[in-house]
Amino acid sequence: MAKTNAGRFFEDYQMGQVLTHAVPRTVSGGERALYHALYPARHALYSSDAFAQACGLEASPIDDMAAFHVVFGKTVPDVSLNAVANLGYAEGRWLKPVHAGDTLRSTSEVIGLKQNSNGKTGVVYVRTRGMNQRDEVVLDYVRWVMVRKRDADAAAPETVLPDLAKSVAAEDLVIPEGLDFTGYDFDLAGEPHRWADYEVGEQIDHVDGVTIEEAEHMMATRLWQNTAKVHFDATFRPDGQRLIYGGHVISMARALSFNGLANAQMVVALNAGAHANPCFSGDTIKAWSEVLDKADTPAPGVGALRLRLVATKGGLPFTLRGEDGKYDPNVLLDLDYWALVPQ
Amino acid sequence: MAKTNAGRFFEDYQMGQVLTHAVPRTVSGGERALYHALYPARHALYSSDAFAQACGLEASPIDDMAAFHVVFGKTVPDVSLNAVANLGYAEGRWLKPVHAGDTLRSTSEVIGLKQNSNGKTGVVYVRTRGMNQRDEVVLDYVRWVMVRKRDADAAAPETVLPDLAKSVAAEDLVIPEGLDFTGYDFDLAGEPHRWADYEVGEQIDHVDGVTIEEAEHMMATRLWQNTAKVHFDATFRPDGQRLIYGGHVISMARALSFNGLANAQMVVALNAGAHANPCFSGDTIKAWSEVLDKADTPAPGVGALRLRLVATKGGLPFTLRGEDGKYDPNVLLDLDYWALVPQ
Amino acid sequence: MAKTNAGRFFEDYQMGQVLTHAVPRTVSGGERALYHALYPARHALYSSDAFAQACGLEASPIDDMAAFHVVFGKTVPDVSLNAVANLGYAEGRWLKPVHAGDTLRSTSEVIGLKQNSNGKTGVVYVRTRGMNQRDEVVLDYVRWVMVRKRDADAAAPETVLPDLAKSVAAEDLVIPEGLDFTGYDFDLAGEPHRWADYEVGEQIDHVDGVTIEEAEHMMATRLWQNTAKVHFDATFRPDGQRLIYGGHVISMARALSFNGLANAQMVVALNAGAHANPCFSGDTIKAWSEVLDKADTPAPGVGALRLRLVATKGGLPFTLRGEDGKYDPNVLLDLDYWALVPQ
């Protein structure tokens, strides 16, 4: 009996199957401190208990992206160990803040399957849910990946493509219980810009850059218990490079976006996301944003901004795609999310 | 009066001497998070409070190897600052889980002395005990090191060689109070293999590899307050390389062994250990294990596996020694330990 | 409306102006653990709750230098984003220990201004205060920096130079409430040297060295939410080097000084400090100290030592300046502080 996990292949997935991912994880002030050491994260609500309490929360939550990485990391051994590519995200919503002391686990339900015409690979769509120790869903998102078949001769499953929203509708955003920005302290938050100061179509160059080191991306990726060999083993790829976990780029870009979006405090929805090009140690990550949409919310003083967050490794800001419609080779990440902003 | 510590030399040790090691250490969720950032550690009982509680413990303990490193680190200034080689371990037992909030300190008793025939060095055997803030012994092990003499003309002490067990007997294993694996959740733990599924003589290739970085091994070694210059100062060795603390290799190999031994949850005894070859930054560590023995325990649903854990830097799995009986040059670590496994 | 912070220029400062720095920060056991991972810190009072309690404190505080870095880090976007040089420190006092769970914020008051004769830059003096969540001042210090003018034609302000003490007077040192060294455990602290064992003029070579890595200084600097680009972006300077935050050198040197000053437990005043030369990844930091002064204190068993702490990157210990009065090119840091020591 082979004891090691070879991962699932395309033919191992069936519609409706629910995968219980292993290794639940209790987070603490240690995860928070490491997040701040690994990324230049400065959003005040995630830095200060006093600031979070003044906004109606019990304490400063663990960064929303850290919660995402923990939930995502658990899915890797079951979903993407034999993945050729991480193709997309949709319908992601943060439903409950995660606090120090919470224990997270996750499950994924197969909601779509499509074998590729080459017969060697297929696309698997899963809806992943992250739960806390009270069985409350804290995060819910759809991801689809291209996975190898073990046996090219295995029969193709019936093609089922899920009907996915292009973006989470503003009325479906879940505002954390008690959130109230009417007494928001702009001085302590770091910037004066309110929800009304942002216009749809506006672009912001976040200016700062961070050069990436091997030790940092590996520590981050391990912290989320993401086990994909390609991030850790320099002998795994022919070129001897360790591919950086896409989530490391997400967190770096989100943290850099503080400079211009310091008040885009809470991330509440992930509408879409593409890891446009691979990132390697030595790359200097910069970021820019574009305001895609605005919406009011029922919570006092709280507005929502739909934002495009683009991470680059050099090149000019605001360049996204070439004339051929393909991503510019300097673009690492194109992320579409909703954030909560004081009005 | 010289203020700095030059360390003890061979003639400074006497039989029965008890050394009180300095700098007690309170551990917290921070140490736990860093452990997970530095190593791909995924054993569920050390990752999730909820999982640990379902196994009868009060909360998820600090990793057993982290507890070992903290206790060991304190001994370095008194035992191995002038050591030429760390020769072996024996009779190690973890007696109490260490939890966030505990304060650890350690003492060592000299239990053996033997001057080498060259007259320049000698071997010192110590029994080290780690205690918590309630003066409970949490860990107890024997280590022997070769230490330089300050003065080659100093008289040789009477040779005393301690009588050490080749391995901790199964009946001497201490099972943490309350441990109960009868309701063990194999899905959350990550693998289905029970105690009965492992056979003596079985070998497991843990497959995954991690390439080591300077920043990581130095952060780990400092975290355990291990002060040996050779780990931190690139100007110390003629070759400009920083020697990696052997404990870093132990933790890396143990974490990698999750893949195939996910249910070997708690480490309860260290029977023997050899740091077969030095490890340097840039090495890619892989690991394999061999089942050496099996034993039942009085705790409900709990069995014990005696395992050989071998860390390598390249080379083929399951290669340990050459025809000359010497360790293969790719072998970094040969560790013999007992772990607790659900039945 | 530009959304990103371009930082203040010399003409943006006015005498008496009080700047409220953004992004308050709650510290936890995570910050403590990271401090111990990033620096070889071993002062027992900052390592063990039990040791700190035996000295009359409620628990082991966050390292004094970590508290300094958090308070300092907040000032960077408002004070030194356009700084050409960090010129000096004076009149620094630690007024309250910082514990896990505390939330720190800081303000700076402009207390001096002097345009340079070149008309392109000026010197700004600020008194920075760090406060906890109870609005208690935990740290207070003066810093002066040379800042660029936005517009060389802007009118020069009236020159005001603050009257700064050369050193904090012994009678102005603030001893943490309850501190009592009468039952001090020298064995657990790691060295036997009492206050009476140190003589004014005595010099101590701390012996150990640490070679600096990019990942480590960036993690440290981010942890303190210091945002200066020059520390993170390898494309920012023409030579492609990342300048290491001066505070990283301070903490490294202070930690190295354990070897010879293990009982210089608490830092209570910063008299002066100069970052004599830049530090880069690959430098091996060593440290030496000189006893500048001694004083009694009203607290039981507690004496004070005024110490010069010098960090070097190679070169001989005890070399500070050349015949021309300039710092030796191997000197990185020249720090003058008061520490509390058992009598």
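First chain written, first letter: the chains are A, B and C, and each begins at residue 1.
Here, a contact is a pair of C-beta atoms (placed from the backbone, for glycine too) under 8 Å apart; a residue touches a chain by one contact, two chains touch by 3 or more.
Note that the structure is a prediction, hence the values are computed from the model and not measured.
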item	value
Same or different contact residues where chain C meets its copy chain B, judged by the half mark	different
Degree value of the rotation bringing chain A onto chain B, based on Cα positions, nearest 5	120
Between chain C and chain B, distance of the C-alpha-averaged centres to the nearest whole Å	36
In chain B, residues with contacts to at least two other chains	28-31, 33-34, 100, 213-216
Contact set on chain C toward chain A in their complex	1, 3-5, 20, 22-31, 33-34, 77, 100-101, 103, 105, 133, 213-216, 218-220, 222-223, 225, 227, 229, 232-236, 242
Footprint of chain A on chain B - complex, ascending	28-34, 36-42, 44, 47-51, 60, 100, 187-191, 193, 197, 204-211, 213-216, 259-262, 282, 284, 314
